[in-house]
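Each of the next two complexes has subunit A plus one more chain, namely subunit B in the first and subunit C in the second.
On to the complex of A and B.
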């Protein structure tokens, strides 16, 4: 049984309420930080913990905090990124829905560390009922004296509010989120300046993910060193994984970083193996934006080592043979999954969600979607695979924000690892024409059709 | 019908105005515009779930910003509706896991049952079906959003029941 630090109290009846959360030891980190620690000491503990941003990028949280501009004299802000919208990812909602006070406690402790007196939780608009859960929890915390003026007599003031989004994935990008919080379209900003220097209303701002902030209370209650003792190497602590697709047990799991992918996939404690005992075909380990892995690279790295659930092991070998831990959106495909249709589905998502600010992203994502759609519908052309490769390569790295990369990587990886499936679609249009389902007969059974013809 | 031709009664009630003022108070006094998204959600909820140009102008007036600043936000975010929509909007997630779990069939089934295409309200204005991008419920696919809430692990039987419950007025759209 893996160690739990975020979900250890999740099954306590009534933990959603302040009364029960407090009875179970909640808000102890605020007491400890405000009464016994300076803000810099809190930052140091988080640095020592090695906690990395759990939204996808994996940037060390303590280091991000240390970048905040304290010299400008401007107000500082902490903004929690709860705009969870990456296909395959649904973990933050679980935390906020079932144990909302954990995030609020983390927000108070973290805001204190940053010297922020006005903080926000920016939540995606579709999570409307979760927004209301958070609003109620904040009201409870405020009534109990954990928010407002002179918290615990420490002289520290903090106001915390929830801001609701409007249904745009791009607002998960930190500068787009800030724009949205200012009441604008969610167009990402050019960096630098980074938000730690000029963020919300041009004030120094730190943007952290829900899961990242929710880990802070444990780190302060125990120690950064204790947190760093969990996990392996630079992948410290625990991570929430949202597991979906063709597995027996779909849901949100907390794992100690370093667990093997094989154990996560097959043990009853986690995914429980394949849903229908069909062969495993592919895995997207970290949300739709990360490269897909074919079956032969899921359990073992290119070097032949066991593939682990860590930032390093999942990316081993770069994109040629690896992927990313990303947001922990773990999507499993059995042998009937149509990789072309899946890639088209992802491309449609990125086309729809592109803010339209950068030409390569605005136009390129649309071209990817269109070319993939015609291949999927039996109208593919011989040159389409090269065309897709060319388009994705011109998007990657050529946009203001990482949405362009996120749109490009899944296409590149699908072609890299499943090129024969694209060829099958193009050469045997009668087999795929008018097919309107996500699955088809196992591709292994039809590979001989390609083998019989010259490429 | 063009949205500019559809009249909408504007009704900023006292409780709604009080809520708007509360939302404005969440931001510094000189940053009133930051309340735009939450205010639009509240105003839309109170006006049959859509925002006419006149209503958007009213929001601009309340927040003391230019109407164009409201228009550019309303047209950017998918949750703001610029035309009247079905009272019960079935928003099916059509991304990744939901697609993998047959949401396309389910959408076809729902449209056929209601006798409408995607994005067309039923003649009585009661229902509408829409495909949306990832709603963050991949472990509970296929799913849809109805009002404030998620309906997960959908089957044709569950859709049938939901349609009936809507007709019977048993569905709560908003958690107030």
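On to the complex of A and C.
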């Protein structure tokens, strides 16, 4: 059994309510922080823990906190990014839905550390039921004196609000989120200035993911060093993984970073192996925006070492042989999956969600989707593979925010690792016009056709 | 602070962006800009045309920047070295941006009102590819009436959002903006025919392509058939400078615009009264002909500078010095004014 930090109390009946949560030791970190620690000590503790942002980028949270501009004298804000919308990722809603007070406790402790008196949880509009749960929890916390003026007589004031977003993927990007929170169109801002200097209403702001903030109470209750003791190297602590696809047990799991991918995939505690006896074909380890891995690179890195569930191991060898831990959206494909269709589906998403502000993303994502659609529907041309490669390379790195990269990487990885599948689609259009083309006849069985034609 | 762009060093004040520094140097190193507009705050960073390669960050941190940066929003650092025209990466990126912009922008320059003064046309000429690789169906929009003065042709829009900034910064009410996302983004109004503000006409001037055009001038003439003159009038509209460019055909004022600099940016904004309502020569004090940048299509047949006589070497070679034959084919001494009985018709002088 792996160690649980976030989901430790998840099965306690009634943990959603304030009474049960408090009885189980909830809000202890707020008491400890406000009564025994200075804000800087809280920041130091988080720094010591090595906690990295769980939204996908993996930037050290404590370091991010230390960037906040305290000298300006302007009010500071903490914003919780609950705009979870990466395809394949559904961990934050799980936390907020089943143990909402954990996030609120984390928000209070973190806000105290940052000196923020006005904090926000920005949640996507589709999570309306979760919004209601959070609203109720905040009301309970406020009634119990954990929010409002002079919390625990410490002289510290905090107001916490939940704001519903319109439901746009781009609003998960921190500057677009801030724009949306201000009531504007959710377009990413140009950086610098970074939010830590000029964020919400031009005030210094820290934006953290739900999971990141939820880990703070444990760090304060125990210690940063204890948290750093879990995991391997710079990948410390635990991570929520939302596993889906052709595995036996889909769901949200908390793992200690450093667990091997093989064990996560095959042990009954987690995914439980493949859903049927079909072979494993590919894996997207960190949500749809990260590069897909072919079967031979899932359990072993390019260097021949065991692939671990860590930031470093999953990205070993760069994108040529690795991927990213990302947001922990673990999507498993068996041999019936059509990689071309899957890539088209991801591309369709990024095309739909591009904010349209900068040229390469606005125009390039649509182009990618259209070419992929043609290939998938038996209308591909030989030059289309090179065209796709060219388009994605022109988007990557040239956009305002990382959405361009997120749209580009899956396409690049699919071509890099599954080029023969693209070729098959183009050379045998009559075979791929059937939408279930690989369900009854997996690619491995028809692969010989390409070789035959080449002869 | 010292900044070097394509090997040319210049001293700039703190806060100067790379694009501004490049414009101070001038010439070929100036990156193209479709969304940046120095007279409007908050513009830039969107079109990605002005990407440059920072090969040295600064004296303090000489590391090159890993990604290309948008020069219009990136501030200069002391000792910074930038490659603009001289970088292959930049050339590739600009080529890519041009290709992306032309995906959904129709290549209808022959019928577009902006032809001859279109930034995208110039960008395409400088950085475009000969062949288009986009074979899919282009995105199209239904025509939309946004007001009695301005024609919106959304199919030609490149979503640079300059017009939105005009609405934000020059007009007293914001009646239009961007709707939808991605390549479905469109400039639109909440209420049809809603744009009636006194300064709304400036949206036409800031539009880099032919998406927003002047209804009073539309299809009246190609710009190169007009003669531009600087003119001014005592305008009583608060905020209007009253200094304009009149686009004349003979004695007829066909169009009035604000005066623009070599980067196609207006020197000062003008009101709708000057732009749309004052089309009589008597309304204006005409200062003189307007000079545009040397390579502008508007300058066709309008050389204001001193021109030198062109000696055509080939002719000499073909005729091999037979000046007598040269005289025979020369039209120089032929009077081709239309005449009746040796007198010019209606006093007209052709040629």
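Criterion: the second predicted complex is superposed on the first by the 448 of 455 C-alpha atoms of A that agree within 3 Å, B and C clash if a C-alpha of one lies under 4 Å from a C-alpha of the other, contacts with A are read in each partner's own complex, and residues count from 1 in each chain.
Going forward, a residue touches a chain if its C-beta (ideal position, glycine included) is under 8 Å from a C-beta of that chain, and two chains touch if they have at least 3 such contacts.
Remember, predicted model here, so these are calculated numbers, not experimental data.
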{"item": "Partner chain(s) touched by A:397 [first = subunit B, second = subunit C, both, neither]", "value": "second"}
{"item": "Touched subunit A residues, subunit B compared with subunit C", "value": "B"}
{"item": "Contacts of A:185 with subunit B and subunit C, given as first, second, both or neither", "value": "both"}
{"item": "Contacts of A:357 with subunit B and subunit C, given as first, second, both or neither", "value": "second"}
{"item": "Subunit B versus subunit C as contact partner of A:168, first or second or both or neither", "value": "both"}
{"item": "Subunit B versus subunit C as contact partner of A:365, first or second or both or neither", "value": "second"}
{"item": "Touching both subunit B and subunit C, residues of subunit A", "value": "168, 185, 352-353, 355"}
{"item": "Interfacial residue positions of subunit A with respect to subunit B in the complex", "value": "84-90, 93, 118, 124-129, 132, 161, 163-169, 180-186, 201, 242-246, 250-252, 288, 329, 331, 333, 337, 341-342, 345-346, 348-349, 352-353, 355, 436-439"}
{"item": "Of all residues in subunit C, those that touch subunit A in their complex", "value": "44-49, 51, 67-68, 70, 73, 92-93, 96-97, 99-101, 103-104, 133-134, 136, 139, 158-159, 161, 177-178, 180-185"}
{"item": "Residues of subunit B defined as touching subunit A within the complex", "value": "26, 28, 31, 33-38, 40-41, 63, 65, 69, 72-73, 76-80, 94-97, 99-100, 102, 104-105, 132-141, 145, 148-150, 174-175"}
{"item": "In the complex with subunit C, residue positions of subunit A that touch it", "value": "168, 170, 185, 190, 351-367, 370-371, 374, 387, 390, 394, 397-400"}
